[in-house]
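Look at the two complexes coming up: subunit A is in both, with subunit B in one and subunit C in the other.
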Partner chain A sequence: MASTVRQCITLKGSTEIVAEFFDYAINSILYQRGIFPPETFTHKQQYGLTLLVTTNDELLKYLKTVIGQVKNWCQELIVQKLVVVIKRVDTNEVVERWQFDIQCDKTVNSKTKRDKTEKEVKEEIKSIIRQITATVTFLPLLESVCSFDVLIYTDKDAEVPFNWGESGPHFITNSEEVRLRSFTTTIHKVDAMVAFKKTD
Partner chain B sequence: MSQFDLENEMRSALRMDAPLTRGPQMKWQQKKSTDPGNLSLNSSAANGSLLSSNKTPSKHGIPPAASQSKTPSSQDMGRKTPKSAGAHKTPSKGSKTPKKTPKAADRFIPNRTTTQFDVNHFKLMQDPKGENGPQDMMSPSQVEYQRVMSENLNGDRLAHRIMSYKEKAPAAPEEYTVFQNTGHQGDLRVLYSTTKTPASAKKTIRHIPQVPERILDAPDILDDYYLNLLDWSVNNQLAVCLGGSVYLWNASTGDIKQLFQVDGPEEYIGAVSWIKEGNYLAVGTSSGEVQLWDVAQQKRLRNMSGHSARVGCLSWNSFILSSGSRSGNIHHHDVRVADHHVGTLSAHTQEVCGLRWSPDGKYLASGANDNLLCVWPAQSTINTQPLHTFSQHQAAVKALAWCPWQPSLLASGGGTADRHIRFWNCNTGTNLSSVDTKSQVCALLWSKEHRELISSHGFAQNQLIIWKYPAMTRVAELTGHTARVLHMAMSPDGETVVSAAADETLRLWKCFSVDQEKKKTKTKSVGKDPGSTLRTMIR
Partner chain C sequence: MESPGDSTAVIRMRKDFDAFILGSGSRIEQPSFRRNLDAEVFSNSKSKPRSEEKQTASARSIRDILEMEKRQKQKDVELLATKSRLAEVETQLTATTTSKKRARIEFENDLIAVKSEKERELGQVSDLRSQIRQLKESEKLAKAELTEGRQEWKTIRLALEAKLCSVQRERLASEHDIQKVKEESWQQSMELKQEADCCLMQLRLTDTELAETKEQLNLQKRRVNDLTEQMEDFELLKGRARAAEDKVKELEEQMTRQEEDATVTRALRADIEKVPDLEKEVTRLRTENEYWSQQKQNALLLQEQLISMQRKLEVAEKRCQAFTELQVEHEDLKSRLQRWEALDTSGSRRPQSPSELSRRVTELQATEILNLEEKGQLQSSISALELRLREAKEQQQKTQGELAAQQMQVQQQNDLIKRLRRKLLLVTKERDSFKRILDSYESEMTVQIQPNSRMKELEEVLQGFQQHSADLESQLEQVSEQHRQAAARCAQLEQQCQSSQPRSSSSVKADLDKIGQLHERVLELEQELKKLAEEKEVLEMRIEERHLQGDYDPSRTKVLHFSMNPAAVAQRQRQQEVERLTVENERLMARVQLLEQSGGAVEDLTEQVEKQLESVPESKAIEELKEQLAKEELRKKRLVEAFKKTSQEFRETCYQLLGYKIDIPCTGQYRLANMYSESPHDYLLFKQGESGEIQMLETDFSVRQQDNLDTYLQNRDSVPALLSAITLDLFNQQTMNLG
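Entry: the complex of A and B
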């Protein structure tokens, strides 16, 4: 019975999937790029993969707040992009930029149901997460201590919630870009891309 | 025309290999066909009709304020290449200014990265009413042009907001950042930067020019296998015997001067050899005399007689000059004393054509037309017997060379009947290896820089071969001479080899070029040298 219920995707379900994906994607990036020490990560089975998620309380709290807000905006269908910016602590120079373009189907309301199984979506997500893991092989090594920031592009008319502020786009000067895979819940479509500083 | 449609379709359906004419249209074709409509649709804000036909509806789902000013294609462009827009430069520069004030800061520095002055100014200055006026007068293409221009100038910044949580992400624990190099990133560094080790970057194959760097004429050079008519001094002077005269070619300046000429018309020079210091030249003549010349003064210092036949080879060991003669005798001359003849080595029964002291002065190697190769100890008496006598060569042994890096390793090459290069350990007297060159071996030289040696050959190719030692694989073959290459000498820097052939030419080959890094270290060590030589001089 339960499986027949999950056969279609609603706006709420889609939002959950997207938010969950961002959570794991950001965790994976932070682990793979060595932004946080590896011993603060713990293994977790998800999407048929063993993923690493942080155990750092502050970081958990931060991610929870940010992902929670993204969830709200996803629900309202006004989010356009989520960008994870990695920058050097000493010079504040942006060295890496993980961009997730989100395309929301604006015709959807809380009652629409789309025919796509959760399993199919998770297969697509799995391949993106795998790609994120694989990017370590070609991304330039982060030579100095780096921190990260999450930027969210929303529609112009979005309300700015408490404790949020507008920011610059944090582009990388002289960058090289690599497109990753994408996934869609038919309500939200997420394209992944990573930009990094050219090394020569 | 419509009556042909059915027929045409039938035909195209039956032809399997014909280009596809049916099928869905390509994207550009679709666009082309809908383009004129697109313009009007955009300006009239009738987005709903487009929505149903487009495959990516979400692009158009953005509120009218934003989407009205966009065609799908240009929107894509704007997203993919946001950095190309000039207006973006300022914010990215601005992002470099520190956001967080340093820990010990005592001033408040306002953060202006989020305030987009240029955009705000533009928005303020833009009078919606004033702009609408002329816009009504403009043609659809002008409107479109204006829209594209404003998009290019402003980017897609006006279409969205960029939000970030004001409480920034927590920083990594300090002990991690301190020991970062030994931590996770250290592991990454080990994993992903090992390919950059210099070992793999090192060039294993060196470029060897196949053509001579220079060709000099050597008229009247004697075509005689048993003579040694070429030597290069440490002062970069090349001594060449052309018949009865000795010429000096200054390799640095290119000057040529004739040192002297023998008196008799039948006489000629059989051998030349520079002393290690490069200021004196020893000359062996056809009359069996050994002469010593001061090059700077162009003056003969000594004339040492003693040989009964022509002198075909000479070799220096500090102040001892050894000379080999057609009689088969080898004489040692102490050039400092009046009674110069200090030793005679007589083991050869035929003309001595190869004579070479080892670099450490411990051994003298001699090869002769009796196919014997003898190695003599440095201390000689009247009845000295050779340390080793090697009889493996099947022809005259002229080419002799001592290895510069491995003491007591001797390479020798045989004549036409033998054609082998053989390697000898003179401490033990064993034959280490031999290689058949398929051609007469006239001369041999070891490289000072590379683990290689070069041999010069006669018939059939008259070539020079560079060998890798000890593998004895051929590195390169230098062809160009049209007659057998009788003599070779190496420049004092070890990079260039000069070869003299019976075709009356000298060719300079830059075959042992040194790469720059090694050269640097070498010049450094050379820089230290004067001190040490000075010390030996004082003693």
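Entry: the complex of A and C
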């Protein structure tokens, strides 16, 4: 799937891996947190796990657009964070924030090759996805109807594409944070964490 | 219909129409009935064509004739048609007869075929009968065989039944076994189920445990992160500690060396302490020695005296011999003396006799001896004093050397103190800068702008500060060590040179004071450092927390999102839904209201509701207009306020620049009060005429300023000059009063 050449990872391959991870991570979050009804998800084998992937056409279209854009930015090494914000539809209040910090190695160009096998990276990703699944045990139940938004933190000089706009950071007032695992392709390092509204 | 003016056009039209009707009639089998029907249809549905026909009644006769002709023609046509049909039927009849004939022939053929077939079948039947006969025979044979077979079968059956019995018995036994086995298996399965349940329970327990452990793992991981950080700190500290230990070792070595030195010096000091005793002994021995040498000299003297006495004795014996001679001579001389005495009686000063002379000589000799003795004593005392002087000089030189060393030390200490002061100054400056940075940072923390860069700066500064403080500590240790040594030395020197150097002790005391102050200072700084480190830690924690909450640096980062994201879409849908529901709700409310008003029975309910709803927007429009009005009023108010403020400012600046306060008591009049006027009632009054010219009105003040009025207003016609002149006058008056 990703264009890795046996033992090496290139910028392009790393971007593919990261983008793929985001796709599955967002899908998992949406399923686990019940943002979309479970019957709109279908099983898929990936990273040695059975993951749930949406079949909602609109959502698929949206994710394709967003992930495609993230891929571009990953390739340009100007993306800093990807945040999945879950907010209530009625009050617009942010209740959960899944933050993925992306540290790009800015010294990398299209010709650099790094020694790390895809398998190792996928093992790391597997553990993150597992953690995301496990977080359901301690995250508070979402009681009202919620929707989600994907924020992308980029460098200041990034071009704003058509149909995209600047947004606020969507902070959670009175939040609790939990740091999750991270993975690295040696070109992109992704740290995952989740912040959620404290239940009094 | 080429030309509308043609008179034949109407007739042609009719003809066309009739032809059309004819055409249509010829297509219909029963035209009259059809016509009637048509007419009926015309009269029922369309009254207009009928009236048209009435209108065209003038052309009826012609039409009747035409109809008659037409009917005849129709009848002819009908006749022809029936004739043709007759012919058709006849042909059909012939066709049917032929076909019947053909059918009959065919039937006969079939009959023949069937007959032959019957014969064949009869043959077949005979064959079959013979076959049956054969079969009967064979049956008989078969029956015999069957009986045989039956007997065989019976025997076999018996055997088989016996077998069956045994087999059944076996089967029963096996069934029993099976049941047993089943029971066992059931029991086993039950046990296994129980086990499985247990296992499930355990699994669930382990799952929960797993979740707990995962959480704990997370916690532990966080702790591990903390610990690794702490480890790093610890390693840093270790490195520092190692350096410190090395330093301590060095210092210990120095200490041992110094202790050795001290023991050596102590031993030497004991020796030195013995020196004055020895010196004393030496002086004593010297004096003794001298004494003994003197004694020797005396002995020699005595021996010489002895020898001289012996010689004297000889001389005396000689003299005794001469004595007699002398006695003779004496006798002679006596006489002479008597004469001489007699002769010399006047000189009283002279010794009257040689005995007296001799006595005097002895006396002189005694005094000489005494003098000699005194001289000897004095010489010995001189030598002793010289010795002492030398000693004192040596001591003085020593003490001077020590003094010089002491002074050097003091100078070094002074230098050190200066350096420390400089460092202290630096440190205080740094601390101030830290405080400032911290303040700014805190103030910025409230604004939440770039805490990262600030924090980095702060960290760097803090590190620098820590280094400085560490350096300072090490230097302080050195200094304190040196100070301790110097203090010890000072104490020694103080004891030794109390008389010669009373000043050094005071300087040492001053140094001690300074060192004490520095110690305190260092302690203060250390405390401050600790406080800052704590603050730094807190701030780092906060930064971490903020980072986790998704904070970012707006100068370097921007947050983007797809504008058609699901949240926005959901929001919009919700809004639309709400709008729709409110509209619906309004409508239903109106409906309910109407129903309530009319007691449940309303005609055209929906229409009325619509009407009512249409009337609502008017009030809405009024409300909107009211809002706009309020907004406009607010704006007006604000403008007035702004205008007032600016006019106030303008007047204030005018007053300060030109010295006159300008009021408008009534329209067209201007009251000018000078800044330097003595009372507030001194003012000038001007009036603006209709054509814009300025006229001056008389006031008490203007009457008093008649001179200026004459010179500037009457002669030169210049109001500004007059005003300036008045200002100058008043100013001069005031300053004179002040002067």
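Convention: the second predicted complex is superposed on the first by the 196 of 200 C-alpha atoms of A that agree within 3 Å, B and C clash if a C-alpha of one lies under 4 Å from a C-alpha of the other, contacts with A are read in each partner's own complex, and residues count from 1 in each chain.
As a working rule, a residue touches a chain if its C-beta (ideal position, glycine included) is under 8 Å from a C-beta of that chain, and two chains touch if they have at least 3 such contacts.
Quantities reported herein were computed from a predicted structural model and do not represent experimental measurements.
> So, on subunit A, is it clash or fit between subunit B and subunit C?
Verdict on subunit A: clash between subunit B and subunit C.
> Applying the document's definition of touch, where does A:105 land relative to subunit B and subunit C: first, second, both, or neither?
first
> Quick check on the superposed pair: does A:71 touch subunit B, subunit C, both, or neither? Answer first, second, both or neither.
In the superposed model, A:71 contacts neither subunit B nor subunit C.
> Who does A:134 touch here: subunit B (first), subunit C (second), both, or neither?
In the superposition, A:134 touches subunit C alone.
> If we overlay the two complexes on their shared chain A, which of subunit B and subunit C does A:178 touch? Say first, second, both or neither.
The second partner, subunit C, only.
> Given the touch rule stated above, what does A:91 touch, subunit B (first), subunit C (second), both, or neither?
first
> For A:170, decide between first (touching subunit B), second (touching subunit C), both and neither.
both
> Just to be sure I read the superposition right, which of the two partners does A:37 touch: subunit B = first, subunit C = second, or both, or neither?
first
> Where does A:189 make contact in the superposed view: on subunit B (first), on subunit C (second), on both, or on neither?
first
> For subunit B, sort through 1-9, 145-153 or 307-315 and name the stretch that clashes with subunit C after the overlay.
145-153
> Take the contacts of subunit A with subunit B and those with subunit C, and give the residues found in both.
Residues 35, 58-59, 62, 65-66, 69, 80-81, 89, 92, 137, 145, 147-156, 158, 160, 163-172, 175, which sit in both footprints.
> Would you pull the subunit C residues touching subunit A in the complex into a rising list?
Residues 211, 214-215, 218, 221-222, 545, 548-552, 555-571, 574 of subunit C touch subunit A in their complex.
> Which residues of subunit B touch subunit A in the complex?
Contact set of subunit B toward subunit A: 51, 56-59, 61-63, 65-66, 79, 82-83, 88, 91-92, 94-99, 113-114, 116, 157-173, 176-177, 180, 183-185, 188-189, 192-193.
> What does subunit A use to touch subunit B in their complex?
Interface residues on the subunit A side: 34-38, 40, 56, 58-59, 62, 65-66, 69, 77, 80-81, 89, 91-94, 101, 103-107, 136-137, 141-142, 145, 147-158, 160, 163-173, 175, 189.
> Show me the residue ranges of subunit A that touch subunit C in the complex, using the header's touch definition.
Against subunit C, subunit A makes touches at 35, 58-59, 62, 65-66, 69, 80-81, 83, 85, 87, 89-90, 92, 97, 99, 134, 137-138, 145, 147-156, 158, 160, 163-172, 175, 177-179, 193, 195.
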